[in-house]
Amino acid sequence: MDLLSQIWEGSGLNQLTWGQAIMIGVGLVLLYLAIARQFEPLLLVTIGFGGILANIPGAGIAEGDGLLHLAYVVGIESGAFPLIIFMGVGALTDFGPLLANPKTLFLGAAAQFGIFATLLGALGLSELGVFDFGLREAAAIGIIGGADGPTAIYVAGRLAPELLGAIAVAAYSYMALVPLIQPPIMRALTTEAERKIEMVQLREVSRLERIVFPLLLLLLVALLLPSAAPLLGMFCFGNLMRECGVVDRLSDTTQNALINIVTIFLGLAVGSKLSAEQFLVPSTLGILALGMAAFALGTASGVLMGKLLNLVTREHINPLIGAAGVSAVPMAARVANRVGLEANRHNYLLMHAMGPNVAGVIGSAVAAGIMIMLVGD
Amino acid sequence: MDLLSQIWEGSGLNQLTWGQAIMIGVGLVLLYLAIARQFEPLLLVTIGFGGILANIPGAGIAEGDGLLHLAYVVGIESGAFPLIIFMGVGALTDFGPLLANPKTLFLGAAAQFGIFATLLGALGLSELGVFDFGLREAAAIGIIGGADGPTAIYVAGRLAPELLGAIAVAAYSYMALVPLIQPPIMRALTTEAERKIEMVQLREVSRLERIVFPLLLLLLVALLLPSAAPLLGMFCFGNLMRECGVVDRLSDTTQNALINIVTIFLGLAVGSKLSAEQFLVPSTLGILALGMAAFALGTASGVLMGKLLNLVTREHINPLIGAAGVSAVPMAARVANRVGLEANRHNYLLMHAMGPNVAGVIGSAVAAGIMIMLVGD
Amino acid sequence: MDLLSQIWEGSGLNQLTWGQAIMIGVGLVLLYLAIARQFEPLLLVTIGFGGILANIPGAGIAEGDGLLHLAYVVGIESGAFPLIIFMGVGALTDFGPLLANPKTLFLGAAAQFGIFATLLGALGLSELGVFDFGLREAAAIGIIGGADGPTAIYVAGRLAPELLGAIAVAAYSYMALVPLIQPPIMRALTTEAERKIEMVQLREVSRLERIVFPLLLLLLVALLLPSAAPLLGMFCFGNLMRECGVVDRLSDTTQNALINIVTIFLGLAVGSKLSAEQFLVPSTLGILALGMAAFALGTASGVLMGKLLNLVTREHINPLIGAAGVSAVPMAARVANRVGLEANRHNYLLMHAMGPNVAGVIGSAVAAGIMIMLVGD
Amino acid sequence: MVQGLHLMLAGMATVFVFLSVLVGATVVMSRVLMRLQGEPGPTADEVAAIVAAIERHRASGPDR
Amino acid sequence: MVQGLHLMLAGMATVFVFLSVLVGATVVMSRVLMRLQGEPGPTADEVAAIVAAIERHRASGPDR
Amino acid sequence: MVQGLHLMLAGMATVFVFLSVLVGATVVMSRVLMRLQGEPGPTADEVAAIVAAIERHRASGPDR
């Protein structure tokens, strides 16, 4: 009968390509990592499921007027979703530890070396013929080293949308792998004595300082680096809503309903870029390798900057907290705390590591602004 | 004075047509049913109010750049709203009873007979000249028998948008009327002895089974019927968020803020299709009559399948729970429970009826996928 | 080096214009008023911050595909955001005091005199050459006197989008200044004896009256003034959801997550209109001056109507509650209460003033409908 | 300017007409609903008076 | 009409095939997962029997 | 490659300049606000010293 043959022709069994089958497998692996291993579950559950949906043969969910493609166009091509997430992250961020010890901002600056070194590496390997990345692609890959999901998605959406799927997967996967990636590097670059350094208790930070800081940061961005203003502007807005104390209902909604809704659609939209044609290509391996390098280099430069600061300032810091400068909030700060406790079981570095941790968010948003200005036409 | 005559000319008293007046009355009746009789209030309050707004003369709320028309274009023409609602329904669905007794899926399959028989009836009556429905319209009307609001709206939006208002009103009204429609049919088709059958307590279902089931369903959809993938994919996504245990904040938002917001605008947008030209036509009576037939036939075939299953399997089921196979979650399951208690006041069928109840949701989404593939070009 | 000069050229230090610097200052002043002085913080924090973002040189956040411009196009040009806010306001409004004493609706009517007198004043001063406002601009400015944010934004978006920034800032600022603007006028127009009038306790209002009232209002709008139907329709819809008792989950979401999310983007989108070219013009001063006049006139006419009502009705009202007829919910009602307590420290007018207060919301939405019908082509 | 004056008069007139109709409709609505619901309803004295009136009426009318 | 009949037959067939496959897959899935998780798992008696069997096996086998 | 090197140098330079300015601005901001708020503020001893200094100043200056 005609209808039955039509049903057979429309079926996945008939239409499924090897690429789609493999990508559905990749989606299932991401779900496994998210659910069983708790790898950044908020994003990897949604990205992984979106990836499966995008590879259902013939369903067209990630093309044309399919829901995932609509979400991509509305939310990622426009830049709106990562910016709204960044506003939510701002509303969830406590700048107190950073304000109590502003020099930890230098750690967040140093850790961005991973971004730029990886950019350079991607261009170098392309010149050697190993990969084939142009300047825009290299910049988007480097930003994986910022260890900050919305920043990476925002930059990739602007500079190299065809790599967005792989970049987002790499960024969130390595953020989840921070407890495996960072400790060996941290131990290799520090002495036992350095890891034992105890830090003085952080001072209390007044409410007024907390309110003024996001405005100060906004004004500096406006004066020095306007191309970072969309990201850091929304970040500061979220943080001001949190701290100002007069719009708590807006701040609560931003930290809950709004960020959750946008996370769901952001993840599905990112998943829509996990098509076989775009993901099952050699450059994905390159992105994964380079992204790992970016994390490792960022960690190393953060730790080394910690040691350098100890040479020039009076009040010593434990260089382990430099590793938290890559961002990966709050995982990297917890790792610094854990490695510190191994060396000295009375040494709680968590609060001290939160300073460089949020400094790393600012640092990679600044790096993103530079990239967008210099590389994005 | 010129301005006063302009005010008079712009007034509703001057512009109101009989059709608009009647449709405002229809909106008020829907509000009455929703508020005083608690007929599916979440949808009938919003649809009814939307219908009134759409018929205010000269206001243009349901046309051009009016808010309701925008909601229709953004949310229903694109298919986004019913799919998001379906994700929310997935996040609210407990597959436990179904997993404990998978053969109840057959009840959910049988109850879809109402859909296809109604399609056939609509075509037959059109051939006889009673109505004038083409294949797409007949398919969209049949889906009322799926007793599932978002599925009906999704299919009607794809196949017969001009009938969407009447179809949605019929679907939600009959879902609310399930306690009146189903019991006579259930009693007529079962013996007292059958209605008294007690079922064995359902086994406990492990967390892992609950996590794997939506993925299993998704993979089967991908392999067998990709055209059902948008609906069932979002449904499985919502359910996976619910069950996986690592994204509770996303699941909570999906079950509350997100589904509520989308319900408001979905209802208003459906109401925007309650214009006199589209609703006050003979075909609306046909839709109401055929929709009722679809519910009745679905109920009957669910019950009969229950009796058939008892002929071929060892562990007997109470055929009353077959009626829950039409969906109308959770009303139809409650009806099965109530009719069961009438026959045997110790016979609590509620949990047993939840299996076919959610199976009916899957079944009508499968039927919707077939319709969209075979009828929607 | 080339790149460094590119960075310098892209910096704000290089690009900043005087206009932008001043507008950033204006944004900071609005933030100060919102945070330190608690001037309508929900809106002035978001508008103020949006204004700063819009004036960051070269960032383009309020143009093209910048986030704030997208929010403006999607939410304000379409009218959707103010209408959704109005739905939320409806869901937050208790019509009980109005239903217990319906003649307070006359106070809400009288206070709209401020709107129309200001319109006339704007046209007169333009004829004298002081300002240069056309009919549409004058109408949009007059509506500031409605003392109702979403109404003002909705009307300005329709009639004079180029003035929207100044009109919204004026409306919210003066609503915050109501405790300073109104009392002198109220005292000047009333005698000590009048201010001492105690009012009889309001009767209980039944649930059914509360449910029927929004429908009654909706039907009157449909019959008499359809051009007010978008605003008042959404308002009545929100109120019906609140009162009907069967859709509490929708009502809760409307009053919280939905109104908060829309407020954030509404504020940012309004802020996007605070560009130097549009705001740093003489007409802004005109708008501020005329808006103040509108508030003062509305207050005065509300109080005078209170005195007039006492001449013709048996049951006396305290004319102070007439001042609450301008809206500015609930600030103006609190002001009436406070001034009443000064005259008679046992005289609690708060609940009595809530009647004219919400009547003022209806009144200015009616006035908005007239304006849109007669002035907007 | 003249246009503005006309607009003011038409506008205030419409506002007052609309809200007056609303006052009337609200008062009627409340009365009808109160009667329907019997809420707050006639007091015991009123009931007694009504009953008395009915009885007097019945007593007086041979035509019923 | 004939088209409708075909559609009905094809549709109901697909629904039943799909849900039958789902029943089968669900049953298999549940069995596999129960075995993997040892849930409900062997009872204490079963454990004792298994231990005894192993000991007997060890005692009997000189090749180990 | 050379372009990449330039980008790296310009990029890291900008990051460090930006964050250094931010460190400076934050330190100044905190100091100014602490002084404004008197938080943690001068201790009782410091107040005594200041008062003494002012009195000495007044005593010494006939021009005031």
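Order as written gives the chain letters A, B, C, D, E and F; numbering starts at 1 within each chain.
Here is the rule we use: contacts are C-beta pairs under 8 Å (C-beta built on N, C-alpha and C of every residue); 3 or more make two chains touch, one makes a residue touch a chain.
The shown structure was predicted, so the numbers you read here are calculated from the model rather than taken from an experiment.
Trainee: Which chains, if any, touch chain B and chain E both?
Mentor: The shared contacts of chain B and chain E, listed by label, come to A.
Trainee: In angstrom, rounded to a whole number, how far apart do the mean CA points of chain A and chain D lie?
Mentor: 66
Trainee: Compute the distance, rounded to whole Å, between the mean C-alpha positions of chain A and chain B.
Mentor: Roughly 41 Å separates the two chain centres.
Trainee: Once you find the CA centre of chain D and the CA centre of chain F, what distance in Å lies between them?
Mentor: 72
Trainee: At least two partner chains per residue is the criterion; list those residues in chain A.
Mentor: 3, 7, 224-225, 256-257, 370, 374
Trainee: Please list all residues of chain D that touch 2 or more other chains.
Mentor: Expected reply: 7, 10, 14.
Trainee: Can you list every touching chain pair?
Mentor: Every pair of chains in contact is listed here: A-B, A-C, A-E, A-F, B-C, B-D, B-E, C-D, C-F.
Trainee: Residues of chain B touching chain D in their complex?
Mentor: Checking each residue of chain B against chain D gives 1-4, 7.
Trainee: Mind listing the chain C positions that touch chain A in their complex?
Mentor: 3, 6-7, 10-13, 15-16, 24, 28, 31, 34-35, 38, 41-42, 45-46, 49, 52-53, 55-59, 61, 65-67, 70, 256-257, 260-261, 263-264, 268
Trainee: Considering only the defined contacts, which chain C positions touch chain D in the complex?
Mentor: 98-99, 102-103, 105-106, 108-109, 112-113, 115-117, 119-120, 122-124, 127, 135, 138-139, 203-206, 208-209, 212-213, 216-217, 220, 224-225, 359, 362-363, 366-367, 370-371, 374-375
Trainee: Using the touch definition from the top, list the residues of chain F that touch chain A in their complex.
Mentor: Going by the criterion above, the answer is residues 1, 3-5, 7-8, 10-12, 14-23, 25-27, 29-30, 33-34, 36-37, 39.
Trainee: Mind listing the chain E positions that touch chain A in their complex?
Mentor: Chain E reaches chain A through residues 6-7, 10, 13-14.
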